[in-house]
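You will see two complexes here that share chain A, one where it goes with chain B and one where it goes with chain C.
Coming up: the complex of A and B.
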């Protein structure tokens, strides 16, 4: 009884938080609203790819294809059939979301079944190829709008930030629960050693396909949300780079870490988006930023290499370095303002955008090749330990 | 009763006949040894029995039922478990988790129950962990249950391989050089552990080992392979004095 009370409570809390986020974001303008929406999508995409690549150890590099399949599946069904279903609002969106998930899951099964039976990197090749095939197929398919894109009927446009965040939370919960129960172990075992797994009775192909289909289904659900949020999708919305961006999120967050991919998904997509709207930067702040970043990276690297003491203190040192870096940038910028040649030179941020984005990635990989979270997960006992509390490690850690 | 019966089992890799018409029969409850020089085909025999390879010809029967060509995961379900010569643990998983993977083949709850983290899956997870913990006690690894298996010492990793295989609750346990890399004290302890596995846990054991003292002391029956061929079979007392065996080992003390 207590179990179900707690469960109902946490679900209610999640729903409430998502609605609170929606009403908060609604008041902040269209652009911000869309960013909050996209953040939820990317969290879903990164966490679902992490299930395939990080937890089960397969190498899929075409996640955007399943996102696309879900988007087109839902968009097409909405335009052609949804009118006669007699559904409205959230319920209709939910059905469309399920359609996106199912279509992408079927695509995942078709792609995964033959390629996952084989060992090695066939999956990488096949998923990459699948992404291209799907895009070319859509480009040449008039019912799907071809190269011009598909406009989803205005009555099926749903601006549900809350729903996309519920989807993200569901995706995280599914992965988390899997790893908390013994059922998750075969997935990890397959990642570690396929031959030993099968000797222990694990049906390796089945485990891989299961992970692949679940991951694809979540990507498809995310696609359905996108199609019905923007009301317009086109093949160019799903370029190959998008797959690589999602992959980067997983690697950067720490392959296998749900927490890592969720955070990387939420943050990483935002960097280029944020830089897109950046005002031209004055030479003074740019030079200040470069100096501050180099200094901070240097200090962080020193700490990582030479300070092996208490984890909490080390985290505090990192945090201090980052704050000091920001402060340094501000101070230097203020100082450089007095240098006319710097203060008057303006750099267009849009041109620097990709440079900044890539250097961010390089710096992160330099400092932490295993990913920000490595294989760690967020948990309350972890937080408590971080703050120096002695928490008995549970007898069993899964 | 015959538990495992190889009848003229043969496998060719291209031109190489790695195992050539090997026949032997293991009875329930036996402690059986498989020996031979390097490259004799011992590990390949294990791979045939556990379904990693399908024999080119000949038959392998387990409990009277033909199992050649059955995939490894199904073989594990039938009741044959193995350890690996080149240790194959799930390195990033804890010692306990490794053993739980072995026990997982008896799970009853569905994936849905796990994904929703419902009481049946939670309960089952607890039970599997408790079973695993008991097995860790058998091989004396309970005190390192939460250590990452990659970080264990070599001897401990070998014992963990045994515990993981035991977790599948096999009828037949195949050990591929379980004492390799162990010091004399560890080998002594291992002898005791293998005996206990047979006597107290009612397992039939087939083991490959290069350490002759270890094999002769432990096994009641021995098959000797050389270049894929079976050259002798019998109790240790006979094997020790068999001229063919002495020749195959080129004067090594047998």
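Coming up: the complex of A and C.
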């Protein structure tokens, strides 16, 4: 009885939280509304990719393709058929959402079935290639708008931020429950050792395909949301770098950690939006930043490799390095101001986006390959332990 | 759903030999890049995603070298001998060799003890960093990216395989004589200051004859089978083959090559047998990057492709597909895959689906991996990652 009560309570709480967010976001301006919307979308994308990459241990770098398939599927249906259904508002959106999810799931199945017999890096290339194939076909397909893009006639003004966040929460819940239940164990087993798990009777291909289908269905649902929110989609809205952005989120958060990917998705998506409003960066401060970052990374790496002392002292050393790095950047920037060729060169901040993402990836791999959260998850017992309470650790979700 | 396809839109059988040649020429470049991928994969079991970016930097180095030689924008320098081409080639090979080794030393070597996925993500990061970081500082060079005066070989080699229809040829000869007489008459009339009316009639007659001649010439050309190859591409192909032979010699008949094969066979045992594995990996990156940059330099010089920092993405991805197609880690496989990829791409363009030429690479890849997961010449192994 307690189980069901807790479940019902959490569902009610989640729905209530989504509606609270909705009423909070409405009336704060279009930009803020869009940010809240996008945050939910990226959380969904990151967590669903995490299911494939982190939990099942496959390596997909074409997640934007499923996002795109969902968006186009829902957009096409909304344009050509939705008028005759007689549905309105959230109900229509829900149906479109399901269509996006189903279309993307089918796409995931089509890619998954043949390619999941492949080794990790082969799979990576096939997913990358699948993204390209989809993009090229859409570009040359007149009913889908070709290269000019597709204007989605949604028949309603999209204002359902609660729905996006409900989707994100659903995605998190599915992954979390998968991890906590017996159904999730094969996924973890495949991640840890494919051969051993198949020897233990796990149907490896089926597990992989299932993960692929669930992950792409959520991405497709997110795409359906995007198509109806923006009202316009084009092949250029889903470039290869979007896949890499989502991958960065998963890797940064900690491959395998739902908490990590959700947080990273919610935080990292904001970087491009933030950089858009920034003033151009001068060459002197940019070069100074590059030097400072390299120096700081070098020192941190040295500390991590060679200092095996007390945890607190090590944290202090890291903190000191970061402060020294910032100071170094300031000093160098002041010095480089006197070099006219550097001081006069200006770089648009928005162009730095992918540079920041890619250097984050490299630095993270150098310093902490398992990501910020590694395999750890947020849990109440973790919070309780933080406050000094002794709580027994659970077996699952190591 | 109508995908807007028009089957056999530009299908013309007499162009088949030309298309095969085009495919081989294109495939040679893919093969050259694919060798770098396959060698690195063979030694380190790592997809060097940054290889396409090394290719891009090779083209940029050639561009800067040509500027350095004085063939920049608005230069008045005339074409001189092949020495300039050699300078460009050596410059880009040296610079890219260093870049490749630096990438290995600073990005991949610290990853050696980490799981392979971490190294793969690092490779993606390095690739993106060079693309987008390079876009901040490197200029965009519109076509022809490198001043074509650098290249002394700008002619076209033509080979007649099957002559034109003899009847058409006869007609063409007749039309040519007609045109020449008409032109002479017209000029004579003009020189003699004949009345305007007469000059106009003669001019119209000359133009008509010109048109007939042109039409016959086109028909005659289409009825024959001939191959046209720009000299530059011929040199490109020759250089590629020479480089491949050099590589084969290096890998098969030298001590370094033997060490490379040993490392590729078993990394740990090779190091136990006294092979300096770090050195071999460095040499592998050096050679792979130099091959790619040679391809890039020739691509930019002879084909005049526009240069951006994303210049290497598509060739890189296709070359990687070629390497996988042939069986990654397998050197003859990479060459085979490269040529197959080039021919497939040309065939797609030939059949009139030019817009799908980037998709075909992946379609072939998926189909081949379905039936031979290890590639055409490779062997499939289940591996514990």
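One rule holds in what follows: the second predicted complex is superposed on the first by the 295 of 398 C-alpha atoms of A that agree within 3 Å, B and C clash if a C-alpha of one lies under 4 Å from a C-alpha of the other, contacts with A are read in each partner's own complex, and residues count from 1 in each chain.
Methods note: a contact is a pair of C-beta atoms (placed from the backbone, for glycine too) under 8 Å apart; a residue touches a chain by one contact, two chains touch by 3 or more.
Keep in mind that this is a model prediction, so the values were computed, not measured.
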{"item": "Which superposed partner A:338 touches (first chain B, second chain C, both, neither)", "value": "neither"}
{"item": "Per-residue touch tally on chain A - higher for chain B or for chain C", "value": "C"}
{"item": "Chain B versus chain C as contact partner of A:129, first or second or both or neither", "value": "second"}
{"item": "Touching partner for A:118 - first (chain B), second (chain C), both, neither", "value": "second"}
{"item": "Partner chain in contact with A:84 - chain B first, chain C second, else both or neither", "value": "neither"}
{"item": "Chain B versus chain C as contact partner of A:177, first or second or both or neither", "value": "first"}
{"item": "Partner chain in contact with A:186 - chain B first, chain C second, else both or neither", "value": "first"}
{"item": "Contacts of A:200 with chain B and chain C, given as first, second, both or neither", "value": "first"}
{"item": "Chain A residues contacted in one complex by chain B, in the other by chain C", "value": "193, 195"}
{"item": "Touch list for chain A against partner chain C, complex", "value": "57, 59, 61, 114-115, 117-122, 124-126, 128-130, 132-133, 136-137, 139-143, 193-195, 241, 244, 247, 251, 255, 301, 347, 351-355, 357-362, 365-366, 369"}
{"item": "Residues of chain B defined as touching chain A within the complex", "value": "50, 52, 71-73, 76-77, 81-82, 84, 88-94, 96-97, 100-102, 104-105, 107, 109, 111, 114-117, 119, 121-122, 124-125, 128-129, 145-146, 164-165, 167-168"}
{"item": "Residues of chain A defined as touching chain B within the complex", "value": "3, 174, 177-178, 180-186, 188-189, 191-193, 195-204, 210, 375, 393, 395-398"}
{"item": "Residues of chain C that touch chain A when the two form their complex", "value": "1-4, 47, 107, 110-111, 114-122, 124-129, 131-133, 135-136, 317, 320-321, 324, 355-356, 358-359, 361-363, 365-366, 369-370, 373, 382-385"}
